[in-house]
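One chain, subunit A, appears in both complexes that follow, with subunit B as partner in the first and subunit C in the second.
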Partner chain A sequence: MSAGGRIPNWADVTLVPLVSVVLAFILSGILIWAIGESPWAAVKLMVEGAFGSSYGWGYTLYYATNFIFTGLAVAVAFQARLFNIGGEGQALLGGLGVALVCLYIPWPHWSLALLAACAGAAAFGALWALIPGYLQARRGSHIVITTIMFNFIAASLLGYVLVNVLRPQGSQDPSSPRFAAEVALPKLHEMLALVGIPFSRVPPVNISLLIAVGMCFAVWFLLWRTRLGYQIRAFGESEPAAEYAGISPARITIYVMLISGALAGLMAVNSVMGEQQRLVLNAVEGAGFIGIAVALMGRNHPFGVFLAAILFGFLYQGGAELALWTSIPRELIVVIQALVILFTGALDNMVRIPIARLFALRGAR
Partner chain B sequence: MSQTQTPQMRQDTAASDIPAIELRGICKAFGPVQANKNISIRVRRGTIHGIVGENGAGKSTLMSILYGFYRADAGEILINGRPTDIPDSLSAIRAGIGMVFQHFKLVENFTVLENVILGAEGSALLRPSLAKARGLLKDLAREFELNVDPDALIENLSVGHQQRVEILKALYREADILILDEPTGVLTPSEADHLFRILRGLKEQGKTIILITHKLREIMDVTDDVSVMRRGEMVATRVTAQTSPTELAELMVGRKVLLRVEKTPATPGDDVLRVQSLRLVDGQGVERLRGLDFTLRAGEILGIAGVAGNGQSELLEVLAGLRPATGQAWLRGAVLPLSGPGADAQTRRAQAVAHVPEDRHRRGLVLNFHAWENTALGYHNDPAYNPTPWKMDNDAIIRDTSAKMAAFDVRPPDPQLKASGFSGGNQQKIVLAREIEHAPDVLLVGQPTRGVDIGAIEFIHQRLIRLRDAGAAILLVSVELDEIMALSDRIVVMFDGRIMGERLPEKTNAQELGLLMAGMA
Partner chain C sequence: MTHFKTFLGASSALALTASLAHADPALMFDLGGKFDKSFNEAAYNGAERWKAESGGTYREIEMQAAAQRVQFARRLAEAGSNPVVVMGFQNAPTLEEVAPDYPDTSFVLIDAVVDLPNVRSVIFAEHEGSYLVGMLAAMANETGTVSFVGGMEIPLITAFACGFAQGAKAVNPDINVIVNYTGDTPAAWNDPVRGGEIARAQISQGSDVVFAAAGGTGLGVLQAAADAGVYSIGVDSNQNYLHPGSVLTSMLKLVDQAVYDAFTDGPGLETGVVLMDLAAGGVGYALDEHNADLISAEMQETVEAARASIIAGDLSVHDFRTDSTCPAF
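== the complex of A and B ==
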């Protein structure tokens, strides 16, 4: 019985984020106008660049795939009220897992390699999240602090491994050798060609997209259809009640961090195995942090994460087009993204309360 | 509404006076919920005016409007006959209104004096106001038995003394009208008596006092007039001397209620739970339980009486497997571990020890969960809910919840409604249905009717008796002495982590138990 009243569930998950995004775009438009460019032209360019061609769609979906994985990672952890900021580091380690699997085992076929790479990515990501999880569960070290620190440790560790272990002799590039051609993942255009749909060959979007979509369903099933998911949500909503129910907070914390880390790690299958075909220094490119925004905007629900990931994929791809064809600096794209995050995350109540009032008015009539 | 009646004014001089407070047609809505509907009330100057009503009847909302926390949607407030606008609590204080909240608003590590002047320091330097407050405190202590050590830290004071500090704060701000919200909930009977002596003294000095309570005995003891609220409406105002607890209870609930619980004498069976020299030291190194010994038998209700905070909560949590302790315990003759493996909540449930926790909002329910999800809380490993190792059978839980809701008359009987959407009584019924319907051998139950309306109290008491008659052993912890007296077959009184004594309800009375509760044996 808060003063704001209640919002129907559908409005909470669709209307509120939608209005927030629109507001963010309006403000971005004003910014673009203020630096002397036409907001309409910018919007047109972004939408056309991201959705106007199969080329644009391909890149949008490629980015979205990354964001689905990292977004799910944050969302799962947040269901237990654990703020996993370490998606970046966990994805980096996931990349290492993928690289080791692809480099040192001769795979006869990509499908087997994909399964093994998924296992490797998930295992390495999970392991990297396990340590902060354990420290939180048993030592009370705050997960936000430890996961942030583990991002730096992961970056340093990866730098060391790439320079000293994986770098081919004589190469001056701190990256692993290219993977064998057998472990190249089928791209979306190859898959669509099977059903006779033409699609651009350029963008790196690949079969990992399907894994990402599958993970959305898997996470939804885990959270709302299994006993473990029930315990995770109970623990997240109320720790004293979970204790009362005999749910061990330490065990749930560790399980959740394992799952979250595994999901973040899986991102590397898309970027390392699907696109770069080798492990490079900055394989994650900030997708771990974008995952936080994606989860925030997706209301920590797997289907919300899916939609938010598409939106951020659009911002990435459309933003790249904008930087390419106009004098709008690339930094402004970051500003637009930040505005979206600001409105959907931090200023949530600014939109929610007026909407709640509207519904209360309608209900009273 | 039209049922509102003005009290039959007594033929004394005060009757001709303008009322200290008059509310005219106050309305307040929160979204679709009408918390106050057209409330009118006159509080005579120099009287103690009681306001009774069930939880959610709108008493607190009305007082919050009077104290400036909420603004009324419609209506008028007259203080001493003058229409007064009260947009915030500062205006309320200026109008001479002081409020003593149910949950004290004191700075724990400040002294009494510092708390009294807090927000009314008067000048940049503290010394003058401290001196003024010290003088005032001395006067008040002499006049009204309001004695508290001005230099004591709040955290070292008993609850009763802390409450006196709240009253002193209001008096320091020259309040003429004092509102007390459920002031006796945390007091021992003797502390409550002392409080009432203070209130009578203040009344004689011409102060006007509004006493909000749900305890009819207090209304009868101390008030001059009483107003009854029900579902946001003021249904009646009576002169206390001309009414009876039965009439007030009927007005509160809107129908006839049983104030006594009907039960047959217990037929206790074997010892089910035995506890010996149970000790618990908390995280701060304070000994909360100092060696408890007792036995709980099948088919009886053992009531644990005591003022809140004397170890009862800890006892429940230890027995429920929620915190480790030292000592020995036996369940049905077998050793019951009090710490380490086997001393956890899951194991206890598997051993047919059910627990209705004291704080249903914090522990007993996940407020953001649907009713059906709450029905599985603690029983989520139940094979009936888990036909396969992976998938939980949500439909089975929903069906089971519907059945339990029907059996316990939960309203609305909607398993998909979130727990936060039910009233206090119905939330408690959801918890009780979950714990009782698993047919436990032992039921640990804390404050079963706290924040529950009278209609539901009756129902909950009947269910506990029925469970007892079915042969379960029930350990009842309650700070409501009336409840302990009405339900228990044996009563144990706890004070400061110790058992002060055991009594039979038919051979004791509230005075004797009150002395034990205060540690005076």
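== the complex of A and C ==
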């Protein structure tokens, strides 16, 4: 990822994304100004709405939790240069895993249910990623094609299961019944109350946030501190070299897809078990795709993914406030999010090359 | 201390005026978005009609994610909006959670039932309206095949299909009714290209009347039918004007009326279940200058007779949602 000259590592992971985000915001500001609203008021509303209160923080962190899981899923796969864009479908199936665990087993306590739900979510997500992984490893079917097609199959499968199996008779809503009260996850305000910090009770942010942060460390440890992680990265850098070194491409492909799918599936613990408390149609709502942007922006590094997820959580929550209190249409909020993705992802070199030049100038002096 | 008191006084005065000044109604669209040419847009039209007639203002909000359902409903209630009209059956759990916390705010839920003292639940008898357009379809039909394009295979849409099939078979017991759905992702509600594709496939199987209940997707269905020179049937709003001569009629579901009524009744409106069926004029079929030549006096007579006997209770149309079965499939 170091095309375009030498940049110190710190600048690569902080300065370049930061400048990109600022540029995206300036362009968004011009757009907001062009439709006759005040950009300054809009930014203020977004920042205050997302970070100005524990209420805002709660929603920002809730959305960020979703994006951490799906972002990590994309990042792990990308370390092996496998582009898993099936996070959406894998998270949907993860939701099914969570729902089955929560609906059909009477749990005495949420902690046991949480462990089982994590296992269920990860297993279902991993299985959904295993099929494209196997097809890539053994049949050479390109992972981009198969994973995106599996998103649609997942949506159809889930629609069928919800309408025909899980939906209570006579209910018009295609969703599962509500989970038992015992499996409700502790919310962040309950956890913070234990250490005496007051926090808004309203937002759905819950204990899955800690799992997401834990997963960031776990993925970092896996990639940079284990033999498998080394093999994954070596395979990603050069498949022939890795094969020459005795690393089996098929084995790595399947392992990476299993891990990636499991991470995407875990997202459902936050949304299905932590927020909705039941499985609904389209429970993932695009978080699987946002994960691609998050991984791209986070440079496929777990800690970068964490920061990028917070940024996208901010865009979601701040955007919601913008939609609530101004006449800026919802579509423009999507445009702002798209600009951030465009600048941090596609137009990366536009920022990187001038910064590299600056550093080269300074180095020459 | 005095400063503090002044501040307190000022803020409470502010809160008071705020609650008085902002007793405006609010409308919360479902995920489809305001301009879906269908369900949500009908609500928007109802709100706009109220605005034009009463000169009042209202607050509106579109969602991006399901987590915002509860968030937005709460924020609207907290901002003093009253009544708060919430669109879509997926918001039933939303109001179950939010409405008890704001007993002084009236909520209106469109398309589902929530049994709370401050919630009015408006539900529509879509199967009855679909039955009538099914009869019209069968009477206009010459090939022995009519068809239905649904958005997603969920109970609500299957109820449309089931009513349509029952109506068609009431006229011609041997008629063949093709039923297809667009997809399983939210895109299914706004995919006119795919809608047109399905309609063309159905027309090639012999269908000469195509009924669409698929939101924005239906526009493609109506277009394909007009291009192929066969009949189509619109949904929710009166879509007869879109392709005069091709759109046989539209199955009306007067969501706009429900929103208009709620806004007009204002804070403290009467709660409970409001059933918008044929008798209440909540559903029906559209007859205007654009399709006057397509519906003969004889057709109209037959349908009006059926309508009268449904209202009188002599004829009952099976609702798919009660037991997930359909006698006409």
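Definition applied: the second predicted complex is superposed on the first by the 361 of 365 C-alpha atoms of A that agree within 3 Å, B and C clash if a C-alpha of one lies under 4 Å from a C-alpha of the other, contacts with A are read in each partner's own complex, and residues count from 1 in each chain.
The rule we apply is simple: a contact is a pair of C-beta atoms (placed from the backbone, for glycine too) under 8 Å apart; a residue touches a chain by one contact, two chains touch by 3 or more.
Predicted model only: the values in this text are computed from it and were never measured.
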Superposition on subunit A - do subunit B and subunit C clash or fit: fit
Contacts of A:A155 with subunit B and subunit C, given as first, second, both or neither: second
Touched partner set for A:L324, first subunit B, second subunit C, both or neither: second
Which superposed partner A:G29 touches (first subunit B, second subunit C, both, neither): neither
More subunit A residues in contact [subunit B versus subunit C]: C
Superposed model, angle subtended at subunit A by subunit C and subunit B (C-alpha, nearest 10 degrees): 130
Touching partner for A:Y316 - first (subunit B), second (subunit C), both, neither: second
First, second, both or neither for A:Q172, with subunit B first and subunit C second: second
Overlay on chain A, subunit C to subunit B nearest C-alpha distance, Å: 39
Residues of subunit A that touch subunit C when the two form their complex: 59, 62-63, 152, 155-156, 158-159, 163, 167, 169-175, 178, 202-204, 271, 275-276, 278, 280-283, 285-286, 316, 319-320, 323-324, 329-330, 333-334
Subunit A contact footprint on subunit B (complex, rising order): 30-33, 320-322, 344-349, 355, 357, 359, 362-369, 373, 376-378, 380-381, 386, 390-392, 394
Partner subunit B, residues of subunit A touching it in the complex: 1, 3, 5-6, 224-227, 230-231, 233-234, 237-238, 240-248, 360, 363-364
Subunit A-touching residues of subunit C, taken from the complex the two chains share: 33, 61-62, 64-68, 70-72, 74-75, 89-90, 92-93, 111-112, 152-156, 183-186, 321-324
